[in-house]
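All chains are identified by letter, namely A, B, C, D and E, in their written order; residue positions are counted from 1 within each chain.
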Amino acid sequence: QRTADEPLHVGVIPNISPDQQRAHYEPFRAYLEGRLQRKVELFVAADYAGVVTALTAKKIDLAYLGGLSYVQAREKSAVTPLVSEVDQETGTPEYLAAIVVPKDSSARSVRDVVARGSRFAFGDVSSTSGSLYPRAMIVEAGARCEPGDLTRCPPLKSVRFTGGHDATARAVLSGSVDAGGIELRILHRLERQGTVPKGGLRVVGTHKVMGYPWVAREGLDGNIRSAITDAFLAIKDAKLLDLLRAKAYVRVSGVHYADVRTKAAELGLLAEQGR
Amino acid sequence: MRIELADVTVRFGDQTVLEDIHLTVAAGERVALLGPSGAGKTTLLRVIVGAVPPVTGWIRVDGLDPFGSRSEVTALRRSIGCVRQRDDLVPGMTARTNILAAAAYQWRLIDWLTVLRGAVPRRYVRRLTELARRHEIEQLLPASVERLSGGQRQRVALVRALLTEPLLLLADEATSGLDPVRAAEVIEHLLQTEATVVATTHDLAVASCFERVVALRHGRVVFDGAVPEADDLSRIYGRALVAERVT
Amino acid sequence: MRIELADVTVRFGDQTVLEDIHLTVAAGERVALLGPSGAGKTTLLRVIVGAVPPVTGWIRVDGLDPFGSRSEVTALRRSIGCVRQRDDLVPGMTARTNILAAAAYQWRLIDWLTVLRGAVPRRYVRRLTELARRHEIEQLLPASVERLSGGQRQRVALVRALLTEPLLLLADEATSGLDPVRAAEVIEHLLQTEATVVATTHDLAVASCFERVVALRHGRVVFDGAVPEADDLSRIYGRALVAERVT
Amino acid sequence: MMTELPPRRRALRWTLAIGAAVMAGWAISGTGVGPASLLAGREGAADIISGLFPPDLDGDLLSRVAVAALETVQISVAAMVLSMAIGLPLALLIAANVEAPRWISGVARGTATLLRSVHELLWALLFVAAVGLGPAAGVYAIGLHSAGVVAKLCSEQLEAVDRAPVETMKLTGGSRLTCALLGILPQARANIASQLLYQWECAIRSSIVIGFVGAGGIGQALAIALRLFRYQELATLIAAVAILVVCVDRMSKSLRGRLGATTRWMAPVRPSYERSTP
Amino acid sequence: MMTELPPRRRALRWTLAIGAAVMAGWAISGTGVGPASLLAGREGAADIISGLFPPDLDGDLLSRVAVAALETVQISVAAMVLSMAIGLPLALLIAANVEAPRWISGVARGTATLLRSVHELLWALLFVAAVGLGPAAGVYAIGLHSAGVVAKLCSEQLEAVDRAPVETMKLTGGSRLTCALLGILPQARANIASQLLYQWECAIRSSIVIGFVGAGGIGQALAIALRLFRYQELATLIAAVAILVVCVDRMSKSLRGRLGATTRWMAPVRPSYERSTP
């Protein structure tokens, strides 16, 4: 496979980036290169599917993925999570997924949402906080979601995928759906930006989600792995941390994502056929 | 319609195709345009109708400038009928629609609907029937023009030019591809109309039916008068041979 | 090349265009095909070259079936030269390339490269120069064919048909659009070649240069022999008028 | 192509050819395209492809796919209605030989360029905000984008007609409208019809992208299957799209034949006529 | 269009027309497209649109956009090289008037349909597995898809040429190859060139979808801006794409003019010739 002097290929999905800076990961790349003493090539992709495919095909060495995408990749190839970020809002590696309704909705809880047969919107199918956990929450609240056909969850009247968190927020706001699943910190960000009026959406339920892991591909040399882990743990530069939307980094392993994995398997979000 | 050309010169690139043409055709006059291939006959007709701008010169047709304002040009062109040397029927339409299309600028809504139904608008029924009978294309009217033979197409184009009863008829080799009987009939018909006629031809028998013959050679008028004699012909074509061949 | 047609009938839809044609043309014979417009002249030529399949009949050209196996057809067609009634030069190419393209099946790689450079492959230089001089199109060779006048295009098409020195020359109104001098020269040239010639024409003067005239009417042969007399002509065209007009 | 050109144009032609070659070289080397990397990666590709087989032919899935396909057809047809309503008039205004007043045709050209240079995905964003999630947003998004393409492609088909017949109409007094309707359109209609059918095909394919933002149809199913790496299901869906595309392609072919766009070609080499020896 | 048809064909025509109308009605009502919903939603749309203004014209961003645009051009040019290399030979084989042996043209047609009915996004997936993230995957994805489209569109342009010149070549012994190269291609080249330039335009736009594979260029920037809800940045990027598209459109227009695809139209109504009164 790869030799030591070949560059390290890193795949990144821009999750949320700081308000001031754009998704311009050059400082991060330079940092990593400096720490690892080897060339780093960074690919910023807009979609998990591409990064996961490249990771499991061993075309990239390190990837920044959502929890769900990680367990999907784990199904196909022995990838390992190295570190995850400490969230700036919660102060823990976990962040929050939420179910929201319009402010004048009479629904007070997720159970209300389900019981009323609402029209429901998820974000991107493969989003942990916009799809997996909201789905888990409504199932807990009594919806009977089919693992085969993801668009049927009786008694919910209809289930749609909007493709993104902001689209979900807009859909709920405009009333084209009655409730939606969204990542809470993104909702806050949208409120700060003014895209969503403050208080326009009401949170009726939240669930903790294990943070985004940095994942190493199958067969990546152990020395490099630990060097990468150390590099993340050693980030002190506030600007760099801000760019990565983290307070700090903590070591993680597969067990941290066991819950994600079980839920995904139950709800049909893992490919049934495995490899 | 009276045609006046003064000092008309046409160039394509650095090739001078018409040089210093002075020509006046009185209203109602019938002129045959003779000349060897490449002499500029087609170009002259195109200048008159406003399709080829001369580099210098002065042109009036019935007092109107074919390169003048849009309304002037439109008014002028509506009284012109053209039979062109190059085959110019609209493929994919029937012969009938091709003919009627020549008058489309006069159509009212009802005419459009009638033609869409594949029929002939009432105001054109008489004239079309008469013309079609005269040139024996009645059978061919409903056929798509791709199916017609060369001579049949030629007659369709002729009937199309005559449909609007033009005041000026520009006929560019209107009898080529027609058998001698038809050719004679066509010329007879052209000469019967009230229109001013300018017709190019290579057929000396045809030319001899016209009261006036203008001959071009290398873009210049080399003969203008009644039907040319044998020595005029050798001036026109540049060879004595002509006299021999044309019995 | 010897042409034999027996019992050939052609229909388009329910219209019978050629009926029961029996015709034999000996190798080297020159035949003029006469007939009113729509008689089936063009169709007959197209049958001989294998472009229109008859519904019944038997056709052999030099013993080969123009509707036979691919190799048979190819061998046959390579000895045929065509001048078609409808304008068929390839637009966007120069006159020179148009002419050379007729021989493209004989090109070697070097010829392709030469033509791509805009020059004439050596093996065609002599013949092309000679033909172009004879029909006075030397000046026109480098011009794009859209720029040419009707008669100029006609001559280019003629030179194209002659370039390959065909054994059978099918000329569909090859002199239409040409002035009398040129027309005479073209016919003279056709008759000088060694080829079997079948030429349609509406020009009786042209027909009279041929040793044999075949006339069609409504798809049937109505005359076959030497140059027709006036009463034959009225049989061909269906009117006595002809005799009067052709002086 | 094979003209003896004046030296100036000849030089220009060479410059252009060399420029194009250099550009191609720059692009290929810059993007790292090459057979080596493809060969090296054939395993990864083979993995994915083998993952596609056998396609999932489960009855339940098939019936869902059928419903989704119907929805896709519905979306694409509605989008085509919209795009024809907007695109065809624009095409008429743009085509140079229709000779619409210069400023009008300039505006039409600008509009068409704008419509088609904004990607369906971005139009979808706008219309999801306006009319909410669902097929309607998809229809507007695809329809508007496609209107721009229809305007461009059809105007070129209009421009490609033989000009002699149109010129004759014009020279004998035909107005711009009659020339367009009776001279240009009848000549171009077969090619326009086939461009429209091609656009329909594109609309069907575009609904895949639009499925990603929740417009429904096969697109949505594809998006889900893709995101969840359900390759066998993906294979079924790809096949469904391919079948739709093939159907439209067939229609297009037969329609072109009927309208006479394809050269009704020469006699068959072996016709089925009776041969009687004389 | 305006033919007196035999009753059978006439009935067929009516059936088709009514069928099309019914289908359109079904599609429109089924997708809920209509002016009412648009009117109701104009605020949402206005919100998004106003969010786009003012476009972000920050110097740093602009320079990054310029680099991205260059990258996009690079990707799209490389993709075009690929798609021409595959698509043009297929087009020749498919075109009915080239008369390639039936089974070969059938295979070519099938290949082209397959290539283009698989969406770029799915091709991208395959090539990400093969060559990893990056521009190369994007080039292959766009190139292959586009090859299918090139094959279809160009084969139709080949079929649309005047058949008389080709027939003459054929009747005097021309082989299929010489007929294609000397009879068909020269007639179609202007329209083929413009179809290729249109495909280039499409390749530029497709690179948006290809942001998926981290291929770089404006596509990636757009995808990211979309993901991060940066609408003002999005506006800048949309404008950049539009500018590229306009440039290609201009090139296409001038090339068509040069190659003579557009009717070099009649004399201007007011030419600038000297008028001397006699």
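Note that in this section a residue touches a chain if its C-beta (ideal position, glycine included) is under 8 Å from a C-beta of that chain, and two chains touch if they have at least 3 such contacts.
The model shown is predicted, which means the values in this text are computed figures rather than measured ones.
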Quiz item: With chain centres set to the mean of the C-alpha atoms, which chain is at the far end from subunit B?
Solution: A
Practice problem: Looking across all chain pairs, point out the one with the most C-beta pairs in contact. | Solution: D-E
Self-check item: For subunit A paired with subunit C, centre-to-centre distance based on mean C-alpha positions, whole Å
Solution: 77
Practice problem: Can you check how far apart subunit D and subunit E are, centre to centre, with Cα atoms defining each centre and the answer in Å? | Solution: 6
Quiz item: Taking each chain's centre as the mean of its CA atoms, how far is subunit B from subunit C in angstrom?
Solution: 27
Self-check item: Averaged-CA centre spacing for the pair subunit E and subunit A, given as whole angstrom
Solution: 36
Quiz prompt | Residues of subunit B engaged with two or more neighbouring chains | solution = 50-51, 86-87, 92-93, 97
Practice problem: Check each residue of subunit E and list the ones that touch at least two other chains. | Solution: 1-2, 41, 44, 125, 129-132, 134, 162, 167, 170-171, 186, 189, 226, 266
Quiz item: Counting only residues that touch at least 2 other chains, which ones in subunit A make the list?
Solution: 49, 53, 57, 59, 164, 170, 174
Quiz prompt | Interfacial residue positions of subunit C with respect to subunit B in the complex | solution = 12, 34-38, 42, 85-87, 147, 149-152, 154-155, 173, 176-184, 202-205, 237-239, 241-242, 245-247
Quiz item: Along subunit C, where are the residues that touch subunit E in the complex?
Solution: 49-51, 74, 77-82, 84, 86-93, 97, 101-102, 104-105, 107, 146, 161, 164, 166
Practice problem: Going by the contact rule at the top, pick out the subunit D residues touching subunit A in the complex. | Solution: 41, 44, 47-48, 51, 60-61, 64, 125, 128-129, 131-134, 212-214, 220, 223-224, 226-232
Practice problem: Using the touch rule from the top, collect the residues of subunit D that touch subunit E in their complex. | Solution: 1-2, 23-24, 26-28, 30-34, 37-38, 40-42, 44-45, 47-49, 73-78, 81-82, 96-97, 99, 109, 113-114, 116-119, 121-122, 125-127, 129-132, 134-136, 138-140, 152-153, 156, 159-163, 166-167, 170-171, 186, 189, 191, 194, 198, 201, 205, 208-209, 222, 226, 234, 238, 241-242, 244-246, 249, 256, 261-263, 265-266
Self-check item: subunit D - residues contacting subunit B, complex
Solution: 162, 164-165, 167-175, 178, 181-183, 186-187, 189-190, 259-260
